[in-house]
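Chain lettering (A, B, C and D) follows the sequence in which the chains are written, and residue indices restart at 1 in each chain.
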Amino acid sequence: MRRQIPLALVFIFGVFMIFQYFVPHESSEWIYEFLLDWIYIIGIFALALGIWSLIRVSVAKIKARKANWGYPIITLVGLFLMILFGFTGYRDGSLGFHFMTAEGLSNPMFRNFFDYILIPIQSTMFALLAFFIASAAYRAFRARNVLASLLLVAALVVMLRFNPYLGPIGPYVADAASWLLNVPNLAAKRAIIIGIGLGMVATALKIILGIERGYMGKG
Amino acid sequence: MLDAAFSIPLVALSDIGRVISLMFIGAGLLWILIRSLRAKEVDRRIVFLFIFIAVAAPILFPITFQERATLIVRKVFDKVESLPAGSKVLLAFDFDPAMAPEVQPMADAISRHCLTKGHNVIFMTLWATGQALLTQSLERVVKGEFPENRDGVDYINLGFKAGNENVLNIIVTDFRMMFPTDVNGVPLDSTSIFDDVRSCKDLDLIISIGGGKPGVKEWVLYVGDRVNVPMGAGVAAVVAPQLYPYYPKQLLGLLGGVKGAAEYESELVRQYPHLEERGTPGLRMMGPQTLAHMVIMAFIVIGNISFFISRRRERKR
Amino acid sequence: MRRSTIIVMAMVFGLFILSWIFRSTSLASVQEHYLIGGLKVTFSAFLTLAILSFLYKDNPFYKFAEHLFVGISAAFWMSMGFWTTIVGNLIPRLSRSLSEFFQVPYQPGSYNFVYFIPVILGIMLLMRLSSKYGWFARWPLAFIVGTFAGLNFVRYLRSDFIEQVSATFVPLLVNWQGVGHFISNFSLSASGQFVAIVGNWVIFLGVICGIIYFFFSKEHKGAFGAASRVGIWILMITFGASFGYTVMGRISLLVGRITFLFRDWLNLIS
Amino acid sequence: MKYKSLVILLFIFCAFTLSAAQEDAAPVDTVQVDSILPPAPVSMLTAKDGENDHGHSITLRWALSADDGAGQNSVLSYDVFRWVPFFMDTLQSIGDSLDAAEGAVAEQLRKRRDQAVVMIPQVHKSYPEQGEWRKIGTALSGQASFNDVGVKERESRDYMADHTDYYYRVDAVTADSTVRTASEVVGPVQSYGQLFNTGRIPVFVAVIVFGFLTIFFVVRAKMGTELYVRPLAGIEAVDDAIGRATEMGKPILYVLGLGTAADIGTIASFTILGRVAKRVAEYQTKLIVPCYDPIVMTVAQETVKAAYLDAGRPDDYYEDIVYFVTQSQFAYVAAVNGTMLRELPATNMYMGVFYAESLILAETGALAGSIQIAGTDQVAQLPFFIVACDYTLIGEELYAASAYLGREPILLGSLKAQDYAKAAVIILAALGLLAASLNWTAFINLFSVTS
């Protein structure tokens, strides 16, 4: 029972979604739209589980008093403050259980935390990529063997476009770079995508047929 | 107060700063090269430091590199340059604020070039979100830098019309059907710029600047292919590879990303040195890019040198 | 904590207080709440530098920023999810009184009862927390996995398989007007006929060799092995070129952050 | 009948204006003469139910007016008209008042509207009485078709009822919008939803063929046919990596990426996680699984729990092996980065769906000195994993990994099916190359999926 019903559910909904794709009729669309709506709603319930996990892990760390036990306190303070700001706000001058008003967010602190804490950290994390792309290039682009050399040469050709001191060979480098990006790139990506498509389709089919059940904890 | 105190010496300092930072990068790379000749690996923090300086220094003390326009960019420049004064050029600003940092520099450079040459420029946009940007850049470039030019005579702003490629479909045969008036409500018939322009066929050059849909592709398919008017384009870097197939038949040239803008600006400044003081944002934005690319390439070369040396040593043993 | 750590932290703290004061005074003439305005910019800059300091090594400032970021972002998505999905999508369909409480327009409709199903499935998911009825949670999971498996099965069969295969149908000879025409117009220019023909060949052979590389149940030996080797070569060239191409975009991101520090915080450039 | 006389009248009128215009305008301005001439009407107007849709739409097609792009070249656009009963105005006004109404009044109006909507097919039967022609859209010159697409929601203003008799007409319009020529009326035509999308037949065939292939090889494998699979370096590294972690006494970090349970790549990753967790449990090594998506976390907890049970060590399992971090891309990355530098895992595995964060994770992992094995189906992120990780499963290899690790014949059987499909791709691509070279469009069209 505990395992059969979920597997039956997977099969029923999987097969329905396949058939739905070929049936343009209204009733099939109607169910399709409902199903997608449901998944969003279930996702919110799952998020509650997630937050619960976050709180539990943080509290456990604080209790254990191991190294860095103080930092989870910051996580919890941030979490509860932001929840407070997210769930209470002013509307028509009174504090209440509000989020949006006609003028925008009902709690300015929610916006401030977003603009001056989330955004700077987020864009700086993203900007770390500039450093990491350099260190990865330095570390990995060594002509160890044929494959690594091909990787290295292709990357150098494309990056050379930015060198203003190439003189007469400049235009050729630019042409070579755009050829690399247009032709072999297209071929390789297409080969990978066809492979991925097949792998995905096979996996999806195995899931629907109940052959692959790794996600239910059973191989 | 504090800002003023800071900014005055900085201007004077910027030359010194430029020299110091370039010397630091150059000498530093040399030192690392010597170290790696002894087969010593570079700590990744050193790589990080160099990247930081290579990006920060050109922002703080504008460092620009001489760009040589590639053929695909120079073709657009040469076309604008070779048209006689008074030619009718249409500039379509098909982008939104999100894309603007990448394509606004080329839009500015091309408008500046056209007006310097004395062309009659028709501005328009297919993007609702592009209208405000168009108005701003008109205020800045056209009215700010060329105050002697008259609206409706030397240039005209048609503004935004909804309908995406359908707008193009109509102006191919008739401008007035889609744009009875310009953005200010002045009837096209009362403007001298439209005296002998009825449709896109009567233009001498069309340049579309954009990066999304509708954009360059739609201009090519719905206008360029249907009338025999040369078309140039400027797009965001990510879109450029998809448009290469249209060059050189359907597009006479293409500016891709900030680099395309920088190449255009350098060509413009070479031809008209007095325009340099009006700003070359493309070249300025290319400063950090060029320096960072060169530093990364230098590190790749250094890494390979130390790799080969250490491998040779191992073999000797 | 060691003494040196405390000294460093105190110094950083002092520097940011100083920066706050300077920033606020410079904003005094522009903004009404200049103290808050100064704090906003200074704190953003502090967090920016805290994250960047990670490049040197893991340190208390990074840990602070990281933990703050995790807590606030988790709550951010939770609030957004609650207000947009539960209040925005679910409640107007289920209950008039709750709709009135949240001040959202109640949308009565004949099929609203089906919205009880996701609520029941959601509650089943929450049963995970109970050790006795935890297995109920598999039902909603099975529902989600099954639905998307079916959806993706057809979607990817179309977009990643059929459409990609048919996109490979390119002509062997582009613009072919006879051998004489080909030779007399021969050029190596990027837009020439020769380059176009070579391009089509490379695409065709590249796709074939790339696919051969992915064969699992056949030994990569002989001609098959050679093709598979060409396949991985083309993959590597592509990965190298894509890597090199991405550098530009990543540098732009850093330019944005450094510009923020120099302009909005230190006011060094305009 | 009424209409025919109208057309005749129109022609007479046109003829008069034509002659009048010639007389008047000829000496003054020739341009005006051009614009006053009425154009030829469109011909062969047909109306059909929109193909392969849910109904509520009609497709019109016609042959261009003789004066569109040729002849006098005077046609600028086509106005499309539909015959609309006056009854529809009543419906619209109910909608208007419904927008403004609240409470019980709204309830009442809603009921009235629902009753009225049912009447729509009925009132269309009264054609051509109690109704009029209304312009519903414009097609540009050079276009010979128009889709009249309505909305399926009955509450909407643009609701277009199915199984209702509609009548259409198309006017060829010149620059002077009063100078136009109407076509003949076409109708009645009804819209309805189809039960099978014929535009998607290629996909349907592929579903059948691929499904059959997979089931065939799975059944064959079940019956015990030996299957060869070539070694994959990334997979073999997994076992070594777990052993290494045990020797060093350091944990293993398993990152499921940013995918949701909707991504097949993530589901493939669950299976790999199950295998890894089982071995980790056997070796009694520590496993860390930080999650981005709460549903993924839930599934991963189930997976790991069952793996520990399978390995015979249910007591070693605790709930916080798999934990939730946050549903924000870079906050998740920041936390995982911190974990990597503080826990110093012996091995990092990145399996699933990754975006820009791939390189941040992989470089930090390299900094921490961990062995790194990655696998993703995100083509754009593959270069970064290839560069920064020790082993990378490229695209399809990620999906194959679960079969490899489990070595179960059923799962390996489906790999064989995938290989046959790839062989088919190669043959089709070769045929397509010939077809494209020889302009054999019939073959190419076999693969075109419309709608």
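One rule holds in what follows: contacts are C-beta pairs under 8 Å (C-beta built on N, C-alpha and C of every residue); 3 or more make two chains touch, one makes a residue touch a chain.
The shown structure was predicted, so the numbers you read here are calculated from the model rather than taken from an experiment.
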item	value
Closest chain to global C-alpha mean, per-chain Cα centroids	C
Higher-contact pair (C-beta pairs counted), A-D versus B-C	A-D
Maximum centroid distance from chain A, chain identifier (CA atoms)	B
Geometric centre distance via CA averages, chain D-chain C, whole Å	20
Interchain centroid distance [CA atoms averaged], chain B/chain C, Å	27
For chain A paired with chain B, centre-to-centre distance based on mean C-alpha positions, whole Å	32
Touching two or more other chains - residues of chain D	200, 203, 207, 210, 261-262, 264, 267, 295, 298-299, 302, 324-328, 330-331, 334, 342, 382, 384, 386-387, 394-396, 400, 415, 418, 421-422, 425
For chain B, residues that touch 2 or more chains besides their own	44, 48, 51-52, 55, 244, 259, 289, 292-293, 296
For chain C, residues that touch 2 or more chains besides their own	51, 54-55, 63, 65-66, 69-74, 76-77, 125, 128, 138, 141, 144-145, 148-149, 151-154, 156-157, 161, 165, 168, 190, 204, 207-208, 211, 214, 235-236, 238-240, 242-243, 246-248, 251, 254
Partner chain B, residues of chain A touching it in the complex	130-131, 133-135, 137-139, 141-144, 152, 155-156, 159-164, 170-171, 174, 178, 181-182
Chain D residues touching chain B - in the complex, by the definition given at the top	76, 140-142, 175, 367
Interface residues, chain A side, partner chain C - complex	2-3, 5-7, 9-18, 20-22, 34-35, 37-52, 54, 68, 71-72, 74-83, 85-87, 97-100, 110, 112-131, 133, 137, 146-148, 150-159, 162, 175, 177-198, 200-201, 204-205, 207-208, 215-216
For the chain D and chain A complex, residues of the former touching the latter	52-55, 152, 193-197, 200, 203-204, 207, 210-211, 214-215, 218, 261-262, 264-265, 267-268, 270-275, 291, 293-295, 297-299, 302-307, 309-310, 319-320, 323-331, 333-334, 342, 356, 359-360, 362-364, 366, 377, 379, 382, 384, 386-388, 394-396, 398-400, 402, 406, 408, 410-411, 414-415, 417-418, 421-422, 425, 451
Contacting residues of chain C [partner chain B, same complex]	22, 25-26, 55-56, 190-191, 247-249, 251-252, 254-255, 258-259, 262, 267-270
